[in-house]
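Structures given as structure tokens follow.
Here subunit A shows up in two complexes: once beside subunit B, once beside subunit C.
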Partner chain A sequence: MILPSKHLPQERALLTVGAMLLAGLERPKTVSALWQEVQKGAPAALGFDWFVLALDLLYVLDAIQLRDGILVLRVGVMDQEA
Partner chain B sequence: MIHTLYSDLPTFKTLHLQPGLNVLLAEKSDGATQKQTRNRAGKTSVVELIHFLLGADSNKDSLFQVAALREHRFGMICDIGGRAMKVERRGANKTNVNVSEPPSGKQRTLTNTEWTHRLGKAWFSLDPMGDHAPSYRALFAYFVRRQHSGAFSAPEKQATMQQLGAQQMALMYLLGLDWPIAGDWQLVRERDKVRQVLSKTASAGVFGSVIGKAADLRTQLVLAERKLKTVQDNLAAFKVLDEYAELEQEASQLTRDLNMLANQNTLDLGTIQDIEATFQTEVPPGLGDLEQVYRDAGVNLPPGLVKQRYEDVRAFHESVIRNRQSYLQSELAAARARIEARDGNKRRLDGRRAQIMGILQSHGALDQFQRLQAQTSQQAAVVETLRQRFAAAEKLESTKTELKVERDLLTLRLRRDFTEQSGRIDDAIRAFEETSSLLYESAGSMQVEATANGPAFKFPMQGSRSKGIKNMQIFCFDMMLMRLCRQRGIGPGFLVHDSHLFDGVDGRQVIRALRVAAQTANELEFQYLVTMNEDDAFKETEAGFDLGEYVLPVRLTDATEDGGLFGVRFD
Partner chain C sequence: MFEELMGRRYPGDFMACRPWGRQGDRKNDGYLSSAHTLFQVYGPNEIAAAATVKKIEEDFSGAKEHWQNYFKRWIFVHNAHDQRLPPDVIKALADLREQNPQVDIETWGYPELLIEFRKLGLADLESWMGAAPTVEDKARIGFAEIQAVVEHLKLSPFATNASPRPVPFGKIEFNLLPEAVASYLKMGMGKAPLVASYFSSCRNPLEGERVAAAFKARYAELRGKQPPLHPHDIWGELDDWAGGNITKKPIEKLAITAVLAWLFDSCDIFEEPPPRGAAAS
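Up next is the complex of A and B:
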């Protein structure tokens, strides 16, 4: 699920989706705001369940936090990647 | 001159007349009363016959419509325009006359109207004259006076019913005066008559309200005009327009607002439907999926990357889902609240709008305005009517002045004519007096005056109220007319007097009058036919004058059935 595989195209892989979500979270947003943005910009149809699982993965990796209903990037995430 | 009177009625007594005096006598039978005699013998019928043949109307009361006579042809030979003419007419064919020139002249049929035109032209040169000119019949009747028209009531009248204007015109014409003055006078008189009738009806009675007096109307007009001004001012100052426009504007703004609210509600209803659909389609992932992702992360990713415990991840997972759902719920509630708020607003605006419409409809501002308008036009109509009535009344009243001026001008014209023609008037007066002085010791006189009502002929004479003296005035007048007409070469050239002219006249005057007539007729070369009762004619004698010389051989009598003019009795 996380990585692309024989049965999972790359753009559906949670890591790919997660990366896209991270790009969308350059500023803190509510879940709904991010979801609406993603729905507009998504290359392929993205289900709500897949969106939530991608957020879960980012949380597992400690890339994001939910602070008072607002999704926020963890400090240094972008820096670490950079 | 009349030569012969005849008829195809076998019993008719043909009359052959001579120049000068002709006396047709009627014998009075012993047993008959005076009245019967006069009516039966046919003296007056001679006069009627001459009229019948010289253009008189023959209505159903006419002698020649009597059953015994109407089929018979009556005729006369008479000088017309210097030539002897034969004229015949029948009561049964009264519209035509047959005219011929004896002895061998061809007979022509003329209508009675054509015949009178011809006679008028021949005897009175009447041809080129217009409507308000003397008519042939009006002139001719002075020469053959008819008892039953009342021709023996006054010298200047040939009929009791003769209108003053016609009489003035005829006499001025016969005396050679400026007769159109009398014609114009008649026009003024007719206009004045109409004016009098109009102004009488205009000032009182049913028509009083139609026209009225100029003075009253002037006041009414001023009042009505002032009222109109007031109403017009009220109308001009009426403020209904502003108020009306304001309310109307507000009402249309309310309508626009209401439409906008309805539109917004539609949008929000769409949102609600969308959100409700979202609840159906957005299915959150199950915890199984989450566990698998968590496990995969530990397996597939490099070690040390999994930084959270599963419990924390699950808490995050659940709060994300909760967050989304609460967001959707709040969106839904907000949309519903907005709709509800708008509905409330709509109800309020709708109420206001209804109120405004109610005001516009029932407040009556418009009605009041329209009422003012109606009142204005009504009052304008009243003013216009009054103005017209005032003009009519003023015209009517000024006509009186105009007519007065015209009368004055005519009086001046008449006086001038009398001055210019004083010779002719003097001739007439002299002729009248000459005849009169031959009959009476104190001669009667004729006066011709220019009065405010046209030329007036007056005959002051002592005892002129007596029937006999009055009749002799007529005699004098007619002799005067004959003299003047002979001088001017007009007239029929004969004069006919019915025995009625001598009613009540003293015997001496009768015989003298006949002598004067014989002399005058001889002198002036005209024919004088007179019908008399035998006993009246020979009451007195006059030295040097034998009446018997002039008596016609034919004598009428009522003593026998066939003694009258027609020789038959009829009633």
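Up next is the complex of A and C:
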């Protein structure tokens, strides 16, 4: 479920969805604001449970954190990407 | 359980007795009005002779005290595991019969209750036990796995202007599948892309994986049978399992064939031939 597989297309794998969420977190956002934003831009049907799993993945990878109810990128995440 | 059974067997006739405060049940565990029959139910974990004799004597005596004018038949219902009662209990019952010739005294165990149970109608059995799976349900148990996609495919029109996806090259021959199965596969391949697109748009992204895993496991089970099944028979078993040979509606059958074709194409069922040109070792 994290990586694409035979019956899980790349755009639906958690890693891909997670990358999309990171892109949406250029500025800190609430969970609900990010959810609304990705629903508009998601290339495939994205359920809230799958969205939360992608957030969980980013959290355990230490890519995001929650500060006072606001999702923020961990320092250096986008720099490393650049 | 006894009250449930008798209530359904004799609706409007059998009256279950609810113990009432200090009065208790007055030695009445149920009354069958039309047959003037009083029931006394005894269901200990283990039938002990002395305790059972005491129970029978007390209950019968109490029944006479409270219900003498209302019953002509007294039935002692017990749960003896092997249906056999201790000799002391049999003697106690025989004594009661001798002393009370005006009352028919009987014992009911599992066999007698089973007779009553078997007389229940289907509607009663289903409302009590739930509907039993039919032979067809059992045969098409895999259908539950693909019901949603089958329903979706039934509503999806064939793309008449698009050429159907070809059956994977060499795979039919490699798996020794006969022409009849190949024809089915070719027919199913016409809708196989719709199966893939259904799973791609499913709310649960793992739905396709789940269905494929179920069929893959069933295929592995059939493949491992001894003596080995011919691939043609494996196809037939998979088709049965998915409901393809039982369903009466052609559109549903085609949808099931499409799912099987999709699984065949993705190599979740049947064996993948070695790459073309690979040297035999």
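As a convention for this text, the second predicted complex is superposed on the first by the 82 of 82 C-alpha atoms of A that agree within 3 Å, B and C clash if a C-alpha of one lies under 4 Å from a C-alpha of the other, contacts with A are read in each partner's own complex, and residues count from 1 in each chain.
One rule holds for everything that comes next: a residue touches a chain if its C-beta (ideal position, glycine included) is under 8 Å from a C-beta of that chain, and two chains touch if they have at least 3 such contacts.
A quick note: this is a predicted structure, and the numbers were derived from the prediction, not measured.
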{"item": "Contacts of A:30 with subunit B and subunit C, given as first, second, both or neither", "value": "first"}
{"item": "First (subunit B), second (subunit C), both or neither touched by A:59", "value": "first"}
{"item": "Partner chain(s) touched by A:12 [first = subunit B, second = subunit C, both, neither]", "value": "second"}
{"item": "Greater residue coverage of subunit A in the superposed arrangement, subunit B or subunit C", "value": "B"}
{"item": "Which of subunit B and subunit C A:45 touches, first, second, both or neither", "value": "second"}
{"item": "Touched partner set for A:3, first subunit B, second subunit C, both or neither", "value": "first"}
{"item": "Those residues of subunit A which subunit B touches in one complex and subunit C touches in the other", "value": "1, 47, 50"}
{"item": "Subunit C-touching residues of subunit A, taken from the complex the two chains share", "value": "1, 5-9, 12, 44-45, 47, 50"}
{"item": "Contact set on subunit C toward subunit A in their complex", "value": "199-206, 208-209, 212, 266, 268"}
{"item": "Subunit B-touching residues of subunit A, taken from the complex the two chains share", "value": "1-3, 14, 30-32, 35, 47-50, 52-53, 55-57, 59-62, 66, 69"}
{"item": "Residues of subunit B touching subunit A in the complex", "value": "281-285, 289-290, 292-294, 296-297, 300-301, 305-308, 312-313, 316-317, 319-321, 323-324, 327-328"}
